[in-house]
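Provided herewith is a single structure, encoded as structure tokens, for subsequent inquiry.
A, B, C and D are the chain letters, set down in written order, and residue numbers restart from 1 in every chain.
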Amino acid sequence: MKVSILGAGGLTGKEILRILSRHPHFECVHITSDKYVNKSLIEIFPDLPQKYKNLIFQKHSSPIPTDSLVVLAVPDEVSLMMTPLLLEKGHSIIDISGVYRIHSKENFEKFYKLKHESFSLMDKVVYGLPELNRKNIKNAQFVSNPGCYATSVILPIFFLGELREKISGDIVISSASGVSGAGGRKEEVAYSFLSVYENFKPYRIFNHQHIPEMQEYSAFKMKTNLPEIIFTPHLLPIHSGILTDIVIRFSKELDVSMIESQFNLFRKEPFIRFLPSPEDINLQNIQKTNFLDISFKVDGNKLIIVSALDNLIKGAAGQAIQNMNLMMGIEETVGLL
Amino acid sequence: MKVSILGAGGLTGKEILRILSRHPHFECVHITSDKYVNKSLIEIFPDLPQKYKNLIFQKHSSPIPTDSLVVLAVPDEVSLMMTPLLLEKGHSIIDISGVYRIHSKENFEKFYKLKHESFSLMDKVVYGLPELNRKNIKNAQFVSNPGCYATSVILPIFFLGELREKISGDIVISSASGVSGAGGRKEEVAYSFLSVYENFKPYRIFNHQHIPEMQEYSAFKMKTNLPEIIFTPHLLPIHSGILTDIVIRFSKELDVSMIESQFNLFRKEPFIRFLPSPEDINLQNIQKTNFLDISFKVDGNKLIIVSALDNLIKGAAGQAIQNMNLMMGIEETVGLL
Amino acid sequence: MKVSILGAGGLTGKEILRILSRHPHFECVHITSDKYVNKSLIEIFPDLPQKYKNLIFQKHSSPIPTDSLVVLAVPDEVSLMMTPLLLEKGHSIIDISGVYRIHSKENFEKFYKLKHESFSLMDKVVYGLPELNRKNIKNAQFVSNPGCYATSVILPIFFLGELREKISGDIVISSASGVSGAGGRKEEVAYSFLSVYENFKPYRIFNHQHIPEMQEYSAFKMKTNLPEIIFTPHLLPIHSGILTDIVIRFSKELDVSMIESQFNLFRKEPFIRFLPSPEDINLQNIQKTNFLDISFKVDGNKLIIVSALDNLIKGAAGQAIQNMNLMMGIEETVGLL
Amino acid sequence: MKVSILGAGGLTGKEILRILSRHPHFECVHITSDKYVNKSLIEIFPDLPQKYKNLIFQKHSSPIPTDSLVVLAVPDEVSLMMTPLLLEKGHSIIDISGVYRIHSKENFEKFYKLKHESFSLMDKVVYGLPELNRKNIKNAQFVSNPGCYATSVILPIFFLGELREKISGDIVISSASGVSGAGGRKEEVAYSFLSVYENFKPYRIFNHQHIPEMQEYSAFKMKTNLPEIIFTPHLLPIHSGILTDIVIRFSKELDVSMIESQFNLFRKEPFIRFLPSPEDINLQNIQKTNFLDISFKVDGNKLIIVSALDNLIKGAAGQAIQNMNLMMGIEETVGLL
């Protein structure tokens, strides 16, 4: 199966190439980057496995091999423009940008600060979170890959199942991400070594663009409404990894087994690991892997769930490959374990 | 005024010595450390200012200059044992350990996992948070210095004044601290470079020993009860600094001016800085200073307050000097600006 | 081909397991660690690929599958004791410890501060640096894997070929290594976060144990003596990676093409990359890879060579696999590109 | 004594202001920064002591208080242009830029890649390294502050005194500096967090602009020529601190006491500390101080000297204040211990 990667010069594109280099069923045939046009992959990313080292970066606008699955790892604006054209040409698509995730146009335009010119595509797109939506992904032509923070939030809440009906009050979430998930290679003082090192900062308080996505999909298959999610992201002085705390108050006392029996329904998920204590959660255990690690602690009717994932892998490139495997009828874990 | 520092070989003791080296009214005359007995200060801390370089570490049990103010920067167990004896001898005392902070013996023994053999001293001690308790500190013989996390939580909530009565639901707090506030020099794998670097972890979930202290003093001067504080601390891969997010839901819509008019009552506090946006909060602005920086953002009836301090300064050594200045009738800011 | 890994609980053992998980021709069947006896691999290293997750750590002294190739990733003392027994039983062996590298017993005992009780094995052992010694490795039963710093030094000098005869004066080398190459998981204050972070230190000046190894093999195939190597290692506040500067003065003016024509003889080496400028050398390009990156700059008759490798991969685990491939008649790069 | 600081918005300017805030004899009256014009000091550097918080940044070209000592912490180009005018007006000057340090116009133009339009000022300027040149500084109107790397190199070699005559072969030096000494706040990808973190790189090999300065002043008061200095700087993933190794071969065997008796001549220098072993050198002991720590080790006729200083203090701002104290007849250590 041929694959084209638009935006392969970014950190997510690079990780997709790293995984594809060892994937037996996909063959990367086309990479684009407006910044690195005419350079070879190996010049830009000498640390990648050598399989694709001689691929040459093309312009985004250069012709895309007709029978290839297309991964869009491009800025939101570029995806907004290119996705409709690519679908029209019949490509299967994984879009890693944020533009086809949320079903409220109003929320999209408020949180993304962009006009959505192709909102009708929201009828066709499948939200690419396999643990929540596997069946639909298998039959999809067009998959929207979830946000990194969103993945770390939605799955733990969704796994609570019917217990979600008993939540009382807000769901208060604090997350922290490594720099590769928050601006990567940008030439801005805010991401300079001297700004980030020996520091820790909140950002986009009350208005991070993943909030409506969390609110929509955490409520997946719920009968009633989910309470409001209050989400605060932070910038960590590390390369990669997201840690998320989810604090929930229930309307009645919990016991541990109530949570466990819900979580047990997902124990066979190949990329979800449930750990005994939230203090066992360790970013070093998920970095460079496609795992989402989850654990929880109960105190009276309070619950805290802690989750961790690699923003570049389960939060982006790995999840994209997981979706591609499903779309193409390949075993879901190929290339990812 | 003579000062003795018990436990001067730790990171807090070191910072007290750094500040005292430049303080015009205090003279450090006695330092103890059971680990460094008979070594000179300069051998152990070559980067300190040179004023006290020839002071020699004594045993904790060696005689203490009779007319000296005593700072205890020792482990909880040592303070439990020594404080009653020192008070009996008439010393003025600042205790930086946690043992004389909370007025519930039950909570103390639950959160500190220690028997409290001198609980009657709780009648005599003054809680050393100047912005909350200045008058009592001025007349005190015995002051208990607040916890580092506790300071970052209590003051922002206390500053809300009567608005505290309108809080609906839990007060959900996420804090993160540099390593010097969470285990410092300990020879444990958990604090090894390879464990902490490129990592971020929660710890003591639902049972951090500062929780009852936060619960008690955040409600200072309130007429009704304060809702429950749910507090989660994290270990940051940095040297020092604490960042705290406080998420509050009110029973009715807020406007910014309601918060501002409460905070304005504390605008003249010499060590509190109110910043325009919580995204301006920056650990680099408070490191090595005695400032607590605070800001907030409102969205409907949700409020987030973000605060930041240096765990070794406003969270320990600096606050101790601020208290000593008050106790001795010196201008509160001397040595600290 | 079956493989047993003694000392699989250390950082090098872990990397060997990571590579073997994806290697088509080796099957790891036995892992030992006196520290983790009876624990499963996945408990200790949850971030490893899942292939070997259910392997259980055995004692070093437990029986080793008879027909397995044995990798020793154990301390020097353990290798000294076990290697003779394993050879007697007919195992093929890769020893990653330092005890069978240097042919001077006097130097061994001086630099390693150990008695060498099985020095006669030095007649049988093959030094496992493929770029220097490939033919001998192919036929070897017993291979000693080079030191990490030593690899970064020996190859660049060896690649100079006959130019080595023209060196005038000392070869002065400064190297710096990440913590995983210099004490890793040790529970010592010297490797605590607060000691290593925001710091940089030289260590083992004039007496690092890799010095005699560098001196011996850098002179491989030389007709005259190599001048003295003066080597200074440093501890970097990073996880992994070694950067090495080699400063050489020649007895006559160099031109760039003289160096290039020597280096060109090794341009087809699969794991050596020659970069245009030493200022292009970047640890991020070699981390997690088996590459040794090399470049140089000439000024009059002065030469500086800069090299970089990952201390855990080309400096340990990756080089061991490269040797295993050669010993077993497999394509040298399998599992490593 | 009034002081004006041109270029006060940079990291060096900030440290000068930090020291002056606690200095009893200098009064900062004027600060400039073309970037921060009309902003107050406290807005730009909230972590500084509060003494000068209301000073407002002016343009470099705004009028300078006539009777003030002027510190130039500006780029080389700005100093080239402004210094002649300021001298003409009679100001005493400390220039922290590099333009008035070396007496070879050819070397200046080669290493600095700038035309030197006011080279005649080299007859008037005094090189501001107090341990080498104290007497001249005391009477100077115009002092050029040394480079940070240069200070860490020149003093240890100068302290060797007549032993310098016995050096055989090159003086090979490897230095590493924190980011604040190598590009600070620059908005360049090379100084982004993701570029610097988990990395270590050499730069300006054979052509760092401090090389001619080292070569000139290391030979201060020598009768013969000093051998060539081969200097390689590196970028460390830390905030501040320089570590320097100096490797020297002598023409005859050394004994330790020969070095010690030379170094003893400088044992009373207030800002030089001689440590027992080079492995005791620790950046954490010199950070935020004006000390230069030095130690050495001898092996046969080889000598290694290791030195360490804070690039912003003894390498820039602290040394500038030390010079100002000398120029104004104040005790040299005031404000710096």
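Following the convention adopted for this analysis, a contact is a pair of C-beta atoms (placed from the backbone, for glycine too) under 8 Å apart; a residue touches a chain by one contact, two chains touch by 3 or more.
All figures in this text were calculated on a predicted structure; none of them were measured in a lab.
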| item | value |
| --- | --- |
| Which of A-B and B-D has more C-beta contact pairs | A-B |
| Most distant chain from chain D, judged by the mean position of its C-alpha atoms | A |
| Separation of mean Cα positions, chain D and chain A [Å, integer] | 48 |
| Rounded Å distance between chain A and chain B, as computed from the means of their C-alpha atoms | 39 |
| Geometric centre distance via CA averages, chain D-chain B, whole Å | 38 |
| Interface hub residues of chain C, defined as touching at least two other chains | 195, 197-198, 237-239, 282, 284, 287 |
| Interfacial residue positions of chain D with respect to chain A in the complex | 179-180, 184-189, 191-198, 237-239 |
| Parts of chain A lying in touch with chain B, wherever the complex brings them together | 169-170, 172, 174, 176, 178, 195, 197-206, 230, 232, 234, 236-239, 241, 243, 245, 247, 249, 278-279, 281-284, 287, 297, 299, 302, 304, 306 |
| Contact footprint of chain D on chain B as seen in their complex | 22, 46-47, 49-51, 198, 273, 282, 284-289, 291, 293, 337 |
